[in-house]
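Structures incoming, each one as structure tokens.
Shared between the two complexes below is chain A, which pairs with chain B and chain C, respectively.
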Partner chain A sequence: MMRSVPAPEFIGANQYNRVELSLPADPQMLFLARMTAAAVATRAELGYEQVEDLRLAIDELCIALLGSHPGAGQIALLLQWDSEGTLDVVGTLVPDGGPSDDQNQPERSDAPLSLELSQRILDALVDDHGADAIGGVHRAWLRMRRREPSL
Partner chain B sequence: MTSEAAFEVVESPHPGVPILRVQGEIDVATSPELHELLSDLIADGPGVIIVDLTDVSFIDSTGLGVLVGAVRDVRAGGGDLRLVVTQPHIIKLLELTGLDDVFSVLSDSSDAVTP
Partner chain C sequence: MSTRARPREELKELFSEFARSGDREIRAQLVEAHIALAHHLARRFVYRGEPYDDLVQVGSLALIKAVDRFDPDRGVEFTTFASKTILGELKRHFRDKGWAIRAPRRLQELYLQLNQSVALLSQELGRSPTIAELAADTGAPEEHVIEALEAGRSYRSTSLESSGPDEDGVGARLGAEAREMGSVEWRATLEPHLQALPQREQAILRLRFVAGLTQSEIATEMGISQMHVSRLLAHSLSTLRQRCGEVEELP
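Let's turn to the complex of A and B:
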């Protein structure tokens, strides 16, 4: 599981570039999050390697949200970046009030392993990340800072 | 890079060594299909299985989890599962997760079928 730490406080949101995306909490829709991540990372002037890193990191963030309440509602993603090259992503699972699909999710033996791998991936790819659940609302977030391209 | 690549798995006939050529993106939506195909191959009996990821543009933790589960199962039966990987970002992902020490990673499927 992601660490239970608070999401970053955004200061002066109007100083940031901001993109919001809402998509069904459905595994089939996660490609939309990856596409948006790639576009935003490019806009934030991240290098090619970091664009790929952000695609994967956002995918892992969404997987964490899907796992918290599978099959119900929307995933709301907020992506913000500044001119200094700091990019924050906060994802929130917005339940639709309907029943979750917990009963219909096949329990695979590799699921705990995937969770561990997800944690390793996020630890390696982003500068910070975490998750919390306040009042039954699940959130996950990450922060990535622009790196100088390696020679 | 930014478009959804169609996921497809094709089993190439090769005497004694099945080769699964995977195309597209292996994510939480598509990894169950890969899991099912690998489980069927493993159930067929011990041996070497090649998973060719040359045309895979993206793989996440769920896809890696499927591959690690499969390699454990196949090795428990006395066989092996080998990966063919040429994409730099997938090689990097295997390294940062430590899975490059778990899998036999090769750059060409013809090398992978060599005993």
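Let's turn to the complex of A and C:
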């Protein structure tokens, strides 16, 4: 699933610059994620254009997490930024009943075309992104750095 | 303006006569004499994503309304009176007709205001403005700016909804150029789905995700506002996802 870039390290991170949001795994609720990300991007002093790119990227990240089974469980989003204007978002799909250790859980049948689309779009929108699935828990993340003004 | 073509005194007399008689022929003459005012005011709104002809139509209907309501004995110039009426109708047109989902009026107005602020500040600063700068420029709190941007997703203009071809437009040309630049994988997997989108949306997707242009660069290339590019991108990605069989259209 997507590029294999290590997830951002959050352990010991400054809690002040960190926001956590949990929302139903339902595409209709993604506006909450977009608005939260835009508010965080504002704190990181990203420009309007990057804020708009981030909103699109959040959609892609969440949709990649939802895969072909939207509506089951919750999406937990963790957003963090620093004074240098680096913003990380990690999304985790928490299935109903919590994460499962069942290694025999069947893999999701995400359409390759959908994943290809998400990857292409995220490639263009953010600086880094990646995803993994461990113990039946799907994660996806992205990193965006504040762009210097282009005069 | 065509008011120059007819002496002021003559127009005054026509207004007085129309006020007395309500003669439809005189009304037509008065509308014709001031039609340039409707064009002039419609031009102020062309960067908001609506076709110019539609705006002229809204302005022209408002001009007729102004002619009907004008009282020549009040001592106010007709152009002053009509300008207020026409501008009011044009603003109402954007506020009421352009929204797929009813957003609160304050957000609708702020969104339209932001459209201009983004363009002006980008030009002044030589970079994309921050949300804080947009808030300062519009006099709205930052959270309202963020809300308005989200609400803007439900704003639709005629050109956004148009599914007709745009073969002669700049969109088609630029889209074709960007298509040539796309990777083999992109072309093989996504081109068939892109073909289902209107030409302009195809072009914008290719320019952003294949050619790697920024939203502001696309806006400059295509002669539309940056916020319009944002809306078109969000809309076409949602459509594309549907085509790829993923999820229903995002709100």
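One rule holds for everything that comes next: the second predicted complex is superposed on the first by the 124 of 151 C-alpha atoms of A that agree within 3 Å, B and C clash if a C-alpha of one lies under 4 Å from a C-alpha of the other, contacts with A are read in each partner's own complex, and residues count from 1 in each chain.
Definition applied: a contact is a pair of C-beta atoms (placed from the backbone, for glycine too) under 8 Å apart; a residue touches a chain by one contact, two chains touch by 3 or more.
What you see is a predicted model, and the numbers here were worked out from it, not measured in a lab.
Of the two partner chains, chain B and chain C are each touched by A:E52. Set side by side, chain B and chain C differ in how many residues of chain A they touch, and the one touching more is C. By the touch criterion defined above, A:T92 lies against neither chain B nor chain C after alignment on the C-alpha atoms of chain A.
In the superposed model, A:Q80 lies in contact with neither chain B nor chain C. When the shared chain is aligned, chain B and chain C each come close enough to touch A:A124. Chain A residues 27-28, 30-31, 34-35, 38-39, 49, 51-52, 55-56, 59-60, 63, 66, 111, 113-114, 117, 120-121, 124 lie at the interface with chain B in one structure and with chain C in the other. If you check the complex, the residues on chain A that touch chain B are 27-28, 30-31, 34-35, 38-39, 49, 51-52, 55-56, 59-60, 63, 66, 106, 108-111, 113-115, 117-118, 120-121, 124-125. Those residues of chain B that touch chain A in the complex are listed here as 1-4, 25, 27-29, 32, 35, 58, 60-62, 64-66, 68-69, 89, 93, 96-99. Residue ranges of chain C in contact with chain A, taken from their complex: 118, 122, 125-132, 134, 142-143, 146-147, 149-150, 153, 185-186, 189-190, 193, 208-209, 212, 214-216, 226, 230, 233-234, 237, 240-241, 244-248, 250-251. By the touch criterion stated above, chain A contacts chain C in their complex at residues 27-28, 30-31, 34-35, 38-39, 41-42, 45-53, 55-56, 59-60, 63, 66, 68, 70, 111, 113-114, 116-117, 120-121, 123-124, 149-151.
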